[in-house]
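What follows is subunit A paired twice: with subunit B in the first complex and subunit C in the second.
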Partner chain A sequence: MTNQQSNSANPNLNLAFRRKQNAEEMKHQVITFAMMIFFTVIAFVMVAMDSISSWFTIPVILLLAAIQVIFQLYYFMHMKHKGHETIALFIYSGLTVGLITVLVFLTIVWL
Partner chain B sequence: MHVEEKFTDATWPASPETATLEAKNKYLGFWLFLGGETVLFASLFATYLALKDKVPDSSMPLAKDLFEIPLTFAMTMILLTSSLTSVYAMYHMKNNSFQKMQTWLVITVLLGFSFLALEIYEFNHYVHLGHSFTSSAFGSAFYSLVGFHGAHVTFGLMWFLALMIRNAKRGLSLYNAPKFFVASLYWHFIDVVWVFIFTVVYLMGMVG
Partner chain C sequence: MSTYAKKQGFGATLWDFMTTVDHKKIAILYLISGGLFFILGGLEAVFIRIQLAIPDNNFMSAGIFNEMITMHGTTMIFLAAMPILLGIMNAVMPLQIGARDVAFPFLNSLGFWLFFFGGVVLNLSWFLGGAPDAGWTSYASLAIHSEGHGVDFYVLGLQISGFGTLIAGINFLVTIINMRTPGMTYMRMPMFTWTTFVVSALILFAFPPLTVGLFLLLFDRMFGANFFDVAAGGNTIIWEHLFWIFGHPEVYILILPAFGIFSEIFSTFSRKRLFGYSSMVFATVLIGFLGFMVWAHHMFTVGLGPIANAIFAIATMAIAVPTGIKIFNWIFTMWGGSVTFTVPMLYAVSFIPSFTMGGVTGIMLGAAPADYQYHDSYFVVAHFHYVIVGGVVLGILAGVTYYWPKMFGTMLNETLGKFTFWLFLIGFHLTFFVQHFLGLMGMPRRVFTYLPGQGWETSNLISSIGAIFMSVGIIILLINIVITSVKNVRVGNDPWGDGRTLEWAIPSPPPFYNFKQLPLVRGLDAYWIEKMEGKKEMTPAEPLDDIHMPNGSIIPICITIGLFIAAFGALYNMDNKTWSVPVIIIGLLITFGSMLVRSLKDDHGFHIHKEELMDDKDKEVKA
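Let's turn to the complex of A and B:
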C-alpha cells in the first residue's frame, strides 16, 4: 500500500534501502509542511491588509484552503500511495454530499 | 505475518499499518468513518453559513466584531505543527523505533493541549462580549461547529494518550502499529477540518 520494497534476499540490504526511502519520504513531508505554512501565511496577510477587495480575497483564501487540504490528504494521510482507490471513493463521496449540503443551505434555504 | 510475531528492524514490514488482515480492514473502515465525518462537518458548516450574523438585535456582536487575527493565527500554527509532529511519529513507527515515536507523540499531544487551551480562552472571551450558545442563531451555529471540532481535538488527545500509556511497556507490534497509525490519520483529519474553519469562519468572518 505504501513504499516499494527492494527484491534483495539479504534483509540488511533491504533495511538500508527502506531506511533511505523512508528518510526521503520524510523530507517530502517537511517540504509539504513548509508549503502549507506558506499558504496559511498568505491567507492571513491578505485578510490583514484592508486595501484588498473582499471579492478578490474570499475566492483566493478558499483556493488556498483547498490546496492545503489536498496536501494534507495526499501527503500527510498518504492518499498518493497505491491501493487508495476505495478510500478515495469514500472521501470524495463524503465531500460531494458535503458540498451539495453547503450549496443547498446557501441558496434554497433562506432565513 | 502474525500479530504477536517478534520483529527486528530488518524483518519489520515496510507498511505495518496494513500488514495483517485485521489492520487492512481497520484502515479501510476508518476511512469510511472519515467519509461520514466529512458529511457531518459539512452540515455544520452549511448551518453556520446560513445563520452567520443572524442576531436578534443590533447591539449584539457580529463575526467581524469578534474574530481577531493573532489568536486565530496562533491556533492555526499550533495545530498545523502538531500535524507534522504526528507525521514524524509515524516515520519512526515505520522504522520500528518505538521510543522516538513516543517522543514525537508526546510533542503532538502537548501542541494539541495548547490549541485546546487557546480555544477555551477564546470561547470564554466571546461569552463576555455577549456572544454565547443561547444568545442568537449565529451563536448556536458558531459554537456547534467550532465546539464540535474542539470536541474532536479532545477525543484525539485522549485517543493518543490511551494508546501511548497502554503500549508504553509493550513496544511496537503488528497488533498496535495500525492503532497508532489510525489515530494519526484522525489527527490529520482534525487538521483538515480546521483548515476550513479558519478560512470559512474566521478569515471570511473578518473580511465581512
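Let's turn to the complex of A and C:
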C-alpha cells in the first residue's frame, strides 16, 4: 500500500532518492508531533485558566482534537500516501452516517 | 482433478458441507436454508391470509395471529430474502471478478453458520412457549411489556444472525477491493458485483445500530435496565430511531442485489451492453448514501415536528431520482435489443411495472402530511409488499433460475418455470393490489380480524385467493427443482448462450479453484468481448502455476454452537433458573475456546500443484 517501496531487488537502486524521501517523511512527522504536543499544552492551559469562559474553551478544544485526529490519520497512519483512497472513502462515509445520526438525535430526540 | 465428480456417501457429503469454506458450497448452504425459511415464512403468510379471508374468522386466536405476523416479517426479511441474496452473491460475485474464493473463506463459513443458528433460535420459539409477538419492528413500548420469552428469542436470534450478516458484508467488501483479476477495474465490474459492493457497505454501516438497539432491548428485558421505559426516565423513541437507522438501509440491502441480478438478465437476454452503465453505478452508490438519510419517514406520525418531517420527506423524494435513472436504463437496454423471453427475462420484464407501482406508493407515503392518512393502514402493507415481493422476490426467483445452471450444472425446466412465473405474478397482484384500497377504506394493518359490513369482505377474499396462486407457483418451482435434479442433464459453460461476464467462461459448476489461470479482463462484459473476437475462452493473465487453497474447518460450527447454547442460558436467566448462568458460561467457553484453537493452531492451507492442473492440451503446449 505504501507506494514508496522499490520493486527491485537491488538495495542500492535510487538509494539517494529514497533517503531524501525518508528524511522528508521524518521531518513531517517531527513537525506534526511537535504541533500535536503544542495543541495538547494549549488545551491544558485553557482549562487551567479560569478567566477564559467555558463557552470558548470547549469548541476550541474540540477543534484542536479534530486537527490532531487528522494529523494522526494523514501523517502517522500514512493516509496522505497514494493507495488509501478506498480507506478514505469508507472512513468518510462512516463518519457521515454517524454524524447524521448524532445530529438527528441532538435535534429531535434528546433536546 | 475434480472432486465433485466422485460419488460420496451421505455422511461424507454432510461432513463436507459442514466443514466447507468453498464459496460455491456456502452459496448452496445459504440457498437451501434460506429456501427453507422462505417456505416457513410463506406458510405463515398463508395462515395469515386464511384468518383474514372472511370477517369474524376464528381460524387462529389474536395472540397466535400476532406471533404469525411478527414471525412472517422477521423470517422473510432476515432469514429468507437476505440469506438467499447472500447465497447468490457468494455463488456469483467471486466468479464475476475472477477470484478463486472470497478474501476470508473461514469467515464466510462462520457467517453462514451464525445466520443459520440465529434463525434456528428464532424459530425454536414456536416450541418453547410462544414466538415473538411485537411485530417485526418490535417497537420497545410494546416489546418490553410482551409476556413470555417471545421477544427474547427475537433479540437473541437476530443478534446471532446479525453477526453472521455483518461478517458476510465485510468479507465481500474486502474481496471486491482486493481480489479483482488483472484488468478488472472498478468501472469494468459487472453490475451485480457493484450492487454486492454497495450492499456490503450498507451492511457494514447499518447493522451496528441494530446490534446496539438489540443490546439495549436485551438489557431492558433481562437485566432490568430502563433505556426505553418512559416511566423510569428512558425514551422509547430511541428504539424506533435505532431500528429504522438500520431498517431503512436494510430494505436497500434487499433491493440492490435484485437490481444487480436484473441488470445482468436484461443485458444478457437483450444481447446488448447495459444501457448507461456508469449512470447505473452512480445511481447505485447514490441510493446507498441516501438510504441512510431517510429513516425518519417511517416515523412521521411519531411527532418529530414539521421541520424534521419536511427534511426527511424531501430526502425521501430524492431517492426517486436514482431509482428512476435505473428504471429508464433497463428499458433502454431492452430497446433495440434482440430480446428473448426466457424465464429470468419474464421475471425481469414484469419486475419493472410491479416495482414502479411500489415506488409510486412510496412517494405517496413519503409525503409527510399524506402519510398521516396512510400510516398503519393496509396501504402501507400493499406498498412494502409491492417493493419487496415485486422487487426482491421476483429478483430472487429470476436470479435462482438464471444462476441455477452455474450453481448446480443443470437447467431448470423452462415450461414449468413459466407456470411458476405466471401463477406467482398473477397471485402477487391479486393479493396486494386490492390491499391499497383496503387501506384507503380504513382497514388498519396488524388486526387479527374485522367485522362484516364495512365493505372489506370481497377485497380480503380476493387477497387470500391471490395467496393460493403464489403458493401453487412456489410448489411448481419445488417440483421443477426435484425433476431437474433427478434428471441431472449436465450443461456446458454458457447454457443461456449469451453470457457476458466471467462466470460464463468457466464450467458449470466451476471447479473448486474456479480459474485454472486468472483471466485477463479487457473491458466491461469481459467474456462477451472475447466471444465477439471469435475466441472460445478468456486470455489468461498469468502462467499456469500452483494454486494455494484454504483447508476446510469444523471450527465455525463450534463457535456458533457455543453462542447457540449461551443464548438459551441468557434467555432463561430472568426466570431465576439456577442452571442458566452455568449454561451461559459453558456456551461462551465453547465459543471462545474454538476461537482460541483457531488462533493458536496454524493452518496454512494446501497447494494444488500445476502438474495436477494440466490437462492434455496444456501438456502438448508444454512439449
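Going forward, the second predicted complex is superposed on the first by the 98 of 111 C-alpha atoms of A that agree within 3 Å, B and C clash if a C-alpha of one lies under 4 Å from a C-alpha of the other, contacts with A are read in each partner's own complex, and residues count from 1 in each chain.
Throughout what follows, contacts are C-beta pairs under 8 Å (C-beta built on N, C-alpha and C of every residue); 3 or more make two chains touch, one makes a residue touch a chain.
Nothing here was measured: the structure is a model prediction, and the numbers come from that model.
Engineer: Quick check for you: in the superposed arrangement, does A:V109 touch first (subunit B), second (subunit C), both or neither?
Structural biologist: both
Engineer: Check whether A:F90 is in contact with subunit B, with subunit C, with both or with neither, and answer first, second, both or neither.
Structural biologist: It touches subunit B and subunit C both.
Engineer: Check the residue A:M77 against both partner chains and state whether it touches subunit B (first), subunit C (second), both, or neither.
Structural biologist: first
Engineer: Please work out whether A:V47 is in contact with subunit B alone, subunit C alone, both, or neither, and reply first, second, both or neither.
Structural biologist: Touch partner of A:V47: subunit B, not subunit C.
Engineer: After lining up the shared chain so the two structures overlap, which partner does A:L99 touch, if you call subunit B first and subunit C second: first, second, both or neither?
Structural biologist: First partner only.
Engineer: Of subunit B and subunit C, which one touches more of subunit A's residues?
Structural biologist: Of subunit B and subunit C, more residues of subunit A lie in contact with B.
Engineer: For subunit A, which residues lie in the overlap of the subunit B contacts and the subunit C contacts?
Structural biologist: 86, 90, 93-94, 97, 101, 104-105, 109
Engineer: Residue numbers of subunit A touching subunit C in their complex, please.
Structural biologist: Residues in contact with subunit C: 86, 90, 93-94, 96-97, 100-101, 104-105, 107-109.
Engineer: For subunit C, which residues count as touching subunit A in their complex?
Structural biologist: It is residues 177, 201, 204-205, 209, 235, 237-238, 241, 245, 289, 292-293, 296, 304-305, 308 of subunit C that touch subunit A.
Engineer: Help me check something: in the complex, which residues belonging to subunit B touch subunit A?
Structural biologist: The contact residues of subunit B facing subunit A are 9-11, 14-15, 17-18, 27-28, 31-32, 34-39, 41-43, 45-47, 49-51, 54, 69, 72-73, 76-77, 80, 83-84, 87-88, 91, 94-95, 137, 185, 188-189, 191-192, 195-196, 198-200, 203-204, 206-208.
Engineer: Okay, in this complex, where on subunit A does subunit B touch?
Structural biologist: 1-3, 5, 11-12, 14-15, 18-19, 22, 25-26, 29-30, 33, 36-37, 40, 43-44, 47-48, 54, 57-58, 61-62, 64-65, 68-69, 72-73, 76-77, 83, 86-87, 90-91, 93-95, 97-99, 101-102, 104-106, 109, 111
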